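Letters are used for the chains, namely A, B, C and D, taken in the order the chains are written, and counting of residues starts over at 1 for each.
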């Protein structure tokens, strides 16, 4: 019975009965290292509540994000699609207001957002960092996007490969937005879907890559585990603030975590991968082999295919573990540089990220 | 076959890993056997949605119940407590209407219900099997319970040990209801709480025992696992219909599944326990010992303490497993009857259910 | 400290410290239904111990089998390959002797066996149900198989696709054994490998199909879970005895459980599948659709592809769960028969088992 | 994107499932931070193999240790107790030899050891860092311990509370060893047992505290998870070498990880706890409360009881998670120091470690 509960954010008081002891709910950190000059923020910038076609009261989205280790979320309820309105009268922007207190308490960055929702074409678009959702409720689609831009919003095209005959096509209306600089990014991944077309366009047109859940139901996950996590956007921001997040999104400093893949530009995947992999000095050397431990400190399994001649043909390095690697080569006098491709760090559709494993030479025995 | 394997360290040998394919959500059955003349229905008869102080849209409750293997649920939104009403105007009984289609599709019995919500005393009361919630919205508490009874409702006192100075006390108003035969049951368990006082009153006053979640947030469980399940009421009904469920509740044929305990009257716990335990014939006999396999086919670990002289002093039989039991006794000519108490099958506060383990004699060797 | 422990079988000794309470180890049943006239026995008939090139003391194999729900095992230590012999002097058949007491206590059927181990060709062969291993230690390979047959052994060809240039080839020596009726089965699966060639030969030459682990290291599994189980042979035997197991193996009444697939002859897969699937009567009918619950009571996900015109194109029914299936068809006056193929019940390489889902007609509403 | 989803029941919507691919075994790191001047080495210094009364071939112990993240192990087979000797002729020290290659490859420190095994009294004693086991095989017990010390061995008393009438008693023979400085430590924990008496003696007599598994069977754990780990000794060593390990053991720089408790001297528990807990600056301040995130980066849940007046009465901080803590106090001008006891960091039997949580003051707002 929690009659008086709503007055304080509920994720603080939800207690588990575990082996007969009541416990507070906890936050499970996501493990992606920060970059040298940037913090790595885990973000889900597309989700719904009761105030459009979602199934939950807005603070639930904060609680889910908190326990799963997210840094920032945006509730982007549909402006035009309001299937619950007979029971829940339309109040644009209301989900943000209802979720804000909890977000402050939980130290989750909450971004005011909305989804501009039209049939395909043109499709659905999210606007983030709004001051006020209402001006976006205009009849003409381009006007709506313009109203968002007038507020300095970051606008991205959602699940572009979804539904309708024109799905996945870049049409005049998109060119219009693009030329006005009113379109800043695309969802390369939405929920369980990956759109290679959107991926390629982001590269060709210099748009920011995003991956989000677009979740409508409650999220049952207690944590973002390597094998069962949200589709999310990793944003490389100068600080953990809404302002820094916005700057990073406009600057295109993102990667998408989707189904054990990291999708992004090589300039951000290179330093990320570099910090995820820890290659120890060889601990054993025989006449014609070296033994090395390689640790993967991040939450995705790193899948390496050999490009050069030395090293195992294929290495699968599971998240959060250490692998024992035998390299069939005589002990070199110089450090070894093994050329690999990280097959699941995608820098273009179907194209993995090149990576070099540096193995210390004889002069630095362990 | 790894004939030549020992030449290289075996921990390099490859194992299985899991990768992704999309699939439909499924229902996980709850494992409590039916009784000889009754079906065992798993029921949660107290939960909330957006339409009072809950956090979810009503069909979420059906989806949770379906995937966790429940047979019946009652959404009992508060009549008087409507903290969301500025956003969701009060519509008594609306949560039932919105959940009904999904319940029919999912084959979950949905019971129209409401929670009559007053400060303690008198406290909170659920009314089930209503035709119409609105007549219960009257100022006087006793009138409200009367209105429910006029509709033939089953009425029970919720979480009686919750909140206020008068909590957990049986007062004149309760006697009034009881004497009018307007009060039919009590929650012995609510969420993470067990109320021994309510337990005793149910025995003394012949009230039906219930256990419910009173859940407000989304339920994250994918299934009702032995170690992590809802608090629920097992109802022993003649059929899997709302009518049979109602008959069984009025007749008091229930047990409560709470935190690895089953709480109920001995007349129902005896046949339930009898069907949960399967004692095989001894498969090995020595001069002074027998070996027997005992299977526990239900979802609670059964914890047995020896009462007699023969058999292990204590047996913990985990859910869904088979235990190997050594009985230190010469092979008997007659079947053995071992007297135990099932410590976690409570027939009164602190009192376990007596149970006899019957071991086949020599004449029935395996 | 268990100084005096070896005198009684160790798997009886309490092991786990769980939530501060010591508990006995338990057996986790495997869930495959018995057939109308046969018991379904879960068997692993190829494994190793210290007495050839394995890594464990023989009773460990019994303990593993018991906790994982197996009915029968055969320790088939290599006769000729004895890499530990400097430390463990060769004693043919000794592993059986050391494991026998524990097997009796644990009610696991232990089959005396050995592996006749030669380079390919001819390869490795297991002989089961031996009276004495020693006579098989002869120089000539055919003589060794003959010595096994003289004892009435059931002989099968192991991992025929393993190692050497001649691997996976049927040569004169195999014809010799076959024509003498000295070769009775083949491993269609061994550990993580499936051999389609062996599968086809079993069909063509009427040999019994087997699947085994050939395990050398300790088996870390606590139970045979659907997603992580041993490769094993399901034997459909008239009773749970060594004699009945032998009769069933010679009669070819087996199926192999391998990596979420069941491999076997249609005469045994048909009744097995029939008992694994429980199709309820429709619980909801609309003008143009039916809703049905289908339960899968066994430990493999059943993967169905539609052959006919009615029903979902594809159904994945996870182990131990109930799926909700919508069938787009007007309510029929007659029962519906939906034609599917169980894609992962293989009756030949690449060929699934045909199966009919029978849906009750209007006359039998629920 | 599930824009049109509400029209059909959502629980039909597809989810992710996992299917198989082969992979190498991995090492799962244990998470205890290094101390400022010392590395934290995870050690299990008491285990058995086939060469005494264990159930596994020696390299199995290395594989177990490697995958579970241990830094060092000692196989301490009984010298005098050789129940397998009819099958495995006694070879003192042979288990070390057989395990050594694998240990080098896996980068696990393997310590040559033996268990001097006599009835109680005097009981069982482990000798580590031996050059040769054979000289310890002498009839007189004190001579055997002397022979170990002659080799510079570290000697500790095992499971002193185990078995016999004299169990758990400090007798003349122990005083003899102690006065000769031939006894250097005691097992405070062995497997599932904790010995408060041994704990107190280690404090009183300045003996090193150890905790080990004394495992005989295969260890089924894939990793040392917070809720299911080996009993082990954390050794605070100057380097990750056998020599540094030995120095640290003689110097008494250890703690025992046992059943979600850390047992040790305050001089080592203080810096360990300090590095396990990360108290962030308050991220939210109201008129009369602060909100703070506290991360626990180690593998034990840290259980804090308040000693002072400010802060929650009890905090349970699960392993590897972040807890959200509300502190009911007006914003202070100075940093807050909250006095707690870490109830499960034992510095004496029944006595928790005092700890101060430092909360940044107003001058450092986030």
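Operating definition for what follows: a residue touches a chain if its C-beta (ideal position, glycine included) is under 8 Å from a C-beta of that chain, and two chains touch if they have at least 3 such contacts.
The model shown is predicted, which means the values in this text are computed figures rather than measured ones.
Remark: rotation between chain B and chain D after Cα superposition is 180° (nearest 5). Farthest chain from chain A (centres taken as the mean of C-alpha atoms): C.
Taking the mean of the C-alpha atoms as each chain's centre, chain C and chain D sit 40 Å apart.
Computed from the mean C-alpha positions, the centre of chain B lies at a distance of 37 Å from the centre of chain C.
The mean-CA centres of chain A and chain C are about 43 angstrom from one another, to the nearest whole unit. Shown for chain B are the residues that touch two or more other chains, namely 9-12, 14, 16-20, 22-24, 59, 63, 66, 105-106. Within the complex formed with chain A, the residues of chain B that make contact are 8-9, 11-12, 17-20, 22, 50-51, 53-57, 59-60, 63, 78, 81, 83-84, 87-89, 91, 94, 98, 117, 124, 158-159, 162-163, 190-192, 214, 216-218, 220-222, 259.
Those residues of chain D lying in contact with chain A across their complex are 1-6, 10, 14, 16, 18, 23-24, 26-29, 66, 69, 104-107, 283-284, 291, 293, 295, 316-318, 320-324, 326.
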